[in-house]
Amino acid sequence: DLLVFAAASLKTALDEIKTGQSIVPPAQVKISYAASSALAKQIEAGAPADLFLSADLDWMDYVERKKLVKPGTRGTLLGNRIVLIAPAGSKASVKIAPGFDLAGLLGKDGRLAMADVNAVPAGKYGKAALQALQVWPSVQPRLAQGENVRATLLLVARGEAPAGIVYASDAAVEKNVRALDAFPANTHPPILYPAAQLSDSRHPQAAAWLAGLRSAAAKAVFAKNGFTVIAAHAATN
Amino acid sequence: MLSLTPEETTAILLSLKVASVATLGSLPFGVLIAWLLARKTFPGKALLDALVHLPLIIPPVVTGYLLLLLFGKRGPLGSWLAEIGIVFAFRWTGAALACAVMGFPLLVRAIRLSMEAVDPRLEAAGRTLGAHPALVFLTVTLPLSLPGILAGVVLSFARAFGEFGATVTFVSNIPGETQTLPTAIYTFTQVPGGDAQALRLTLISIAIAAVAILLSELLARRSARRVLG
Amino acid sequence: MLSLTPEETTAILLSLKVASVATLGSLPFGVLIAWLLARKTFPGKALLDALVHLPLIIPPVVTGYLLLLLFGKRGPLGSWLAEIGIVFAFRWTGAALACAVMGFPLLVRAIRLSMEAVDPRLEAAGRTLGAHPALVFLTVTLPLSLPGILAGVVLSFARAFGEFGATVTFVSNIPGETQTLPTAIYTFTQVPGGDAQALRLTLISIAIAAVAILLSELLARRSARRVLG
Amino acid sequence: MSLEIDIAHDYGGFALQAQFACAPGLTALFGRSGAGKTTLVNAIAGLLTPQRARISINGRVLADTGNGINVPPHQRRIGYVFQDARLFPHLTVRNNLLYGRFFARRDDDIDFGHIVDLLGIAQLLQRRPATLSGGEKQRVAIGRALLSRPELLLMDEPLASLDGARKDEILPYLERLRDELRLPIVYVSHAIPEVTRLADTVVLLSDGRVQAVGSVEDLTARLDLFPLTGRYEAGAVLNATLVRHDEAWGLSVLQTRAGDVMVPRLERALGTALRIRIRARDVTLALTPPTGTSALNILPGTVAELQPSSEGAPQVEVRLDCHGDTVLARVTRLSADRLDLQPGKPVYAMIKTVALDGGSLGGRGR
Amino acid sequence: MSLEIDIAHDYGGFALQAQFACAPGLTALFGRSGAGKTTLVNAIAGLLTPQRARISINGRVLADTGNGINVPPHQRRIGYVFQDARLFPHLTVRNNLLYGRFFARRDDDIDFGHIVDLLGIAQLLQRRPATLSGGEKQRVAIGRALLSRPELLLMDEPLASLDGARKDEILPYLERLRDELRLPIVYVSHAIPEVTRLADTVVLLSDGRVQAVGSVEDLTARLDLFPLTGRYEAGAVLNATLVRHDEAWGLSVLQTRAGDVMVPRLERALGTALRIRIRARDVTLALTPPTGTSALNILPGTVAELQPSSEGAPQVEVRLDCHGDTVLARVTRLSADRLDLQPGKPVYAMIKTVALDGGSLGGRGR
């Protein structure tokens, strides 16, 4: 079987692509979804995976440094954006700009839901953006950092937190939240989902399957799920 | 390697507080439920029994999610409790609640096991000596269940000390408020190259918990010696 | 709502297999360690005691990672075991190992608690009747520890049935091989809109585990009735 | 007190069906192993809820299944010395002893120090039950029940594993409790000497049924009950009054209808009503008043009835009528033949004074 | 068998120090509650490792702290009837009984059915110990120990909570085990009748020390031990030979040096050597050979010694020399005075045949 290690956030899209008609070559494919960190360490420990789809660059770099990526196969598959969200019923409206009143949006004792700002990519990007916009010091004591983006989303969706920062792809699917505004792309490092074939991969269709993920049909599915499709020329990242 | 950052010290102290409060706070309920399960028959007992085990079966993240639904600011229980001044959301109390819930099956099982081993004939003797059943429970059943209570406390404490999934989902990871040792460890595991740091904190965590376990063993042995002579 | 996808059916069956193998496989070791802790004194006993509790204290992700380091294909134990044909890495056996390790403290504690409650005078009686201490253990101590063994098995099974952090870190989440019910649930919690799915699987998981728990209760009650008359 | 009992309980395999009322004082429950004694006592204590029960003490109804009354054990104010000691293993001997007293919350008219001394457990007070010897446990259990200040005392073979000397210390104390504090006692025992010495009423249980109820005098003299009471221990009980002390020889003289009986010196006031049990095996019969023997007591009477102890046994039990009192004698068939014993025949019963010792003499309750 | 014991053990507060050797047969351990009987028996079984011990049976050393020998309990082949029954609660009565037999792995010369019948536990075989009565538990425990085919049997108050009738069934069986299977038995009891009937050697323990060791004959006749053995039970033991059965009257005649003694019919072969115990309280003294009485046994003798039972007691113990055999009689001081008893004075000891029943007659070991 072709074994794909993919970041858990890609599940909806990848499952659709896997079962969809003729997007990728028909093959016995198994996809193991987990945190990028876990997958990377498993690859390091000799996991029999063929492809690795990471949710951030750091863990792909980690794997590549260990010489576990088949040279020339790494490319950027997708992009994403981070957005500021509020519960669906919220009346708030803000325009993200340098120094915007994020703390005011949180009210007296509200908290800003984010993924872990030191460990989870979405959190790291959010922190970078807030720093660039010079609002970081005003909200830093008022963070509620989740284990991952999903936890963040949940806090806002349940109204526990009046605002949060998540991927656009997440906000697009969750009905109970409303995206207030997207963070400008230049306020944080690019959010990219790299993909690569692993050096131990012997599966004959691995390369073709990876290519299939970049097909137009696949891109349509990704786009539908809120991801940014990266132009072909950036694929060599 | 063992010099701690202020943030880590805070996390350790918080973990101790959370685990202690979780364990001691759930103890009365644990004793009560264990007693019901060990000594009573009533309709719905099987249900209660299964319910107590739930936090073991349900993935911690889901437990955290359910706690959020129930005890969050908007949750049915959370909003009601907030009115009487009890707030769990984003507070260390919430972390304690999560840990208490996660450790509860362990606490109950251990106490129940010991209670079931208490000879009902001793309880009968207590009653013939004029003690109300509630007093018999306090003066006979409970002291004789001490091994189980200690074991339950140890398990629950250890579990609380290591709990992370439900806690972080329920009350997030707020340094100084809800960032316990395991949350801090988790953070390190998520950054490339953070292994060493994670391992360091893990060792600290183990050392602290080990001391707690050993203390409890000493206590248990002393109480056993008293009973066995 | 309860119609299952083939993948889910696979995950359920796999979970059952993993949890059963984990529990039954660890049982002999659990009994042995429980006996050592309950009845013997030896240097390093306190250490062993603390060691047994480790999987409770260490965050599951770290436990999974340590298992990966030890039992992975390149790990010191994993490479050695691979030579004699035992492979854990990325196999269901690995999931079972992870679950066994996570449930081990619960298993040992429950059994130990029951063993400590066995009256040593009965064991002495067995010995005067000519039974070798090992046979006394098998014919007296062990049967009388049955409540604890059952409780330990239930706790360990339930834990295994809900275990996710260590499993997914150690053996990943490969459908049909290592994707157990909790890891499948986890995957759903990681995608937007997966909540309903996650909840559905959680309910299924609860239902199955509840049946297992109730069965064990019946067994326990029957064996208790036999002893108490 | 009057204790009224009507109980039916079926374990499946063993059924207890007991109905009787007892006079004030001490009621002895007597019966073979497995006869249902402990079951009955448990029902009185409220530890067993029989399928049908009506139990009342002095009119206070403790249980009545008909009316749904079932006073819980802790409100029955019944002290229970269990067949197994059932000491609390986590408490010291002292705290075991004080347990009931604490919950009884009553005036301290039973003295802790006195009971501890009586039972010889003063040096054990700091110990825990696990290290006590069998008899020590039993003594602590007796003390615990006594100190709970019960209104009824249930004792299930309380002296079974005590040595004779200790028994001789405890029995008079039980007698005093019965008489001075008017504490009713239900006493289970296999030891006839204990029973006859203490009991006002004897209840004979056999296979879960009450075989006979009556005064000690009646039951121990009934020849048909010997298979249950035991042949060896057969004897008759006479009511007596203490009329004289003979200080010089250390003897006391008791007056009975049958005649005066000399017994070893009793520490009782003149005029005390007593019971004296004369075991059939201790009675030698003679046709003429014997002289020149060491037997001090010679009671004239007439043979009332002869009955072989059992089919083909070498002995016969001879019931004598001695001026209205019954005296039982057991003699061999050979002797009966040689002496030509027949109902109506006048004979002399010889009884040694030393045969009438502690086990045969009991203070009479009320 | 010869059992040699030399044990010292200190619990802190209680110290046992016992050194003695016993003759083959049954050794009775006798002593007050807390004297150290159970401790001693536990040491023999190997359940207690004394601070100093040398224990051997027939030369087989079971423990020798000097040489570091300590045979583990399961290899000692010692059957132990515990003071508390200690049945296995998870096994049926049947499996409790079979437990030891299974591990003994020896030829089945002890019959399961027979023992079950003897102990009257046939209808209990499917039950579990929790539902048994106190005496039923005790009987199962006896059966379990017997069926393990031990080479030495330790019995710690095995009959304490059994009724007289049941005792009378079990005691002869123990006698048979002792004599026919030559099974040595160490028997702890508070009941002198049991002890004297069965014992070849009596060990008197008091406060952890051996007070006296000797044959039943010696010890029960030793006047100085009465405070420990109990006055009530004082008596002398005569060696006898069964010389005649009197089928018509259901009697047997025993020959002793003191003279012929008639006892109730014994189911023994003529010529059997027996022991007969005559309790001092059962002996009436007469100055002339009594006639016309129901007492069948009249032994002539001379007064050898008079001793007051205790300071100021109303009785004296009279030791008679009857043609070389010792007979003890207890009479009041008054009688002694009236009869003018003096050493050297010829007297006649009258003993009722019915007083010489089950409790007094024991088969003689070897």
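A few points about this structure:
All chains are identified by letter, namely A, B, C, D and E, in their written order; residue positions are counted from 1 within each chain.
Here is the rule we go by: contacts are C-beta pairs under 8 Å (C-beta built on N, C-alpha and C of every residue); 3 or more make two chains touch, one makes a residue touch a chain.
Here the structure is a predicted model, which is why all the values come from computation and not from measurement.
Listed by label, the chains touching chain D and chain E alike form an empty list.
The chains in contact with chain A and with chain C alike are B.
Chain centres here are C-alpha means, and the one lying farthest from chain D is A.
Chain D has its Cα centroid 57 Å from the Cα centroid of chain B.
Centre to centre, using the average C-alpha position, chain A and chain B are separated by 35 Å. In terms of their C-alpha centroids, the spacing between chain A and chain E amounts to 91 Å. Centroids built from CA atoms put chain E at 60 Å from chain B. Among the residues of chain E, those touching two or more other chains are numbered 84, 131.
Taken residue by residue, chain C touches two or more other chains at 61, 65, 186, 189, whereas all remaining positions touch fewer.
Listed by chain label, the pairs that touch are A-B, A-C, B-C, B-D, C-E, D-E. Those residues of chain B lying in contact with chain D across their complex are 121-122, 124-133, 135-136, 139-140, 143-144, 146, 223, 226-229.
Across the interface of their complex, chain C is touched by residues 3, 5, 8-9, 11-12, 30-34, 38-39, 41-42, 45-48, 148, 150, 153, 169-174 of chain A.
Residue ranges on chain C touching chain A, taken from their complex, read 61, 64-65, 68-69, 72-75, 89-90, 168-169, 172-179, 183, 186-194.
Residues of chain D touching chain B in their complex: 45-47, 72-74, 76-80, 82, 84, 86, 88-90, 99-100, 103-104, 127-128, 130-131, 144-145, 148. Chain C contributes residues 46, 49-50, 53-54, 56-62, 65, 105-106, 109-110, 112-114, 116-117, 147-148, 151, 154-155, 158-159, 161-162, 164-165, 182, 185-186, 189, 195, 198-199, 202, 205-206, 209-210, 213-214, 217, 224 to its touches with chain B in the complex.
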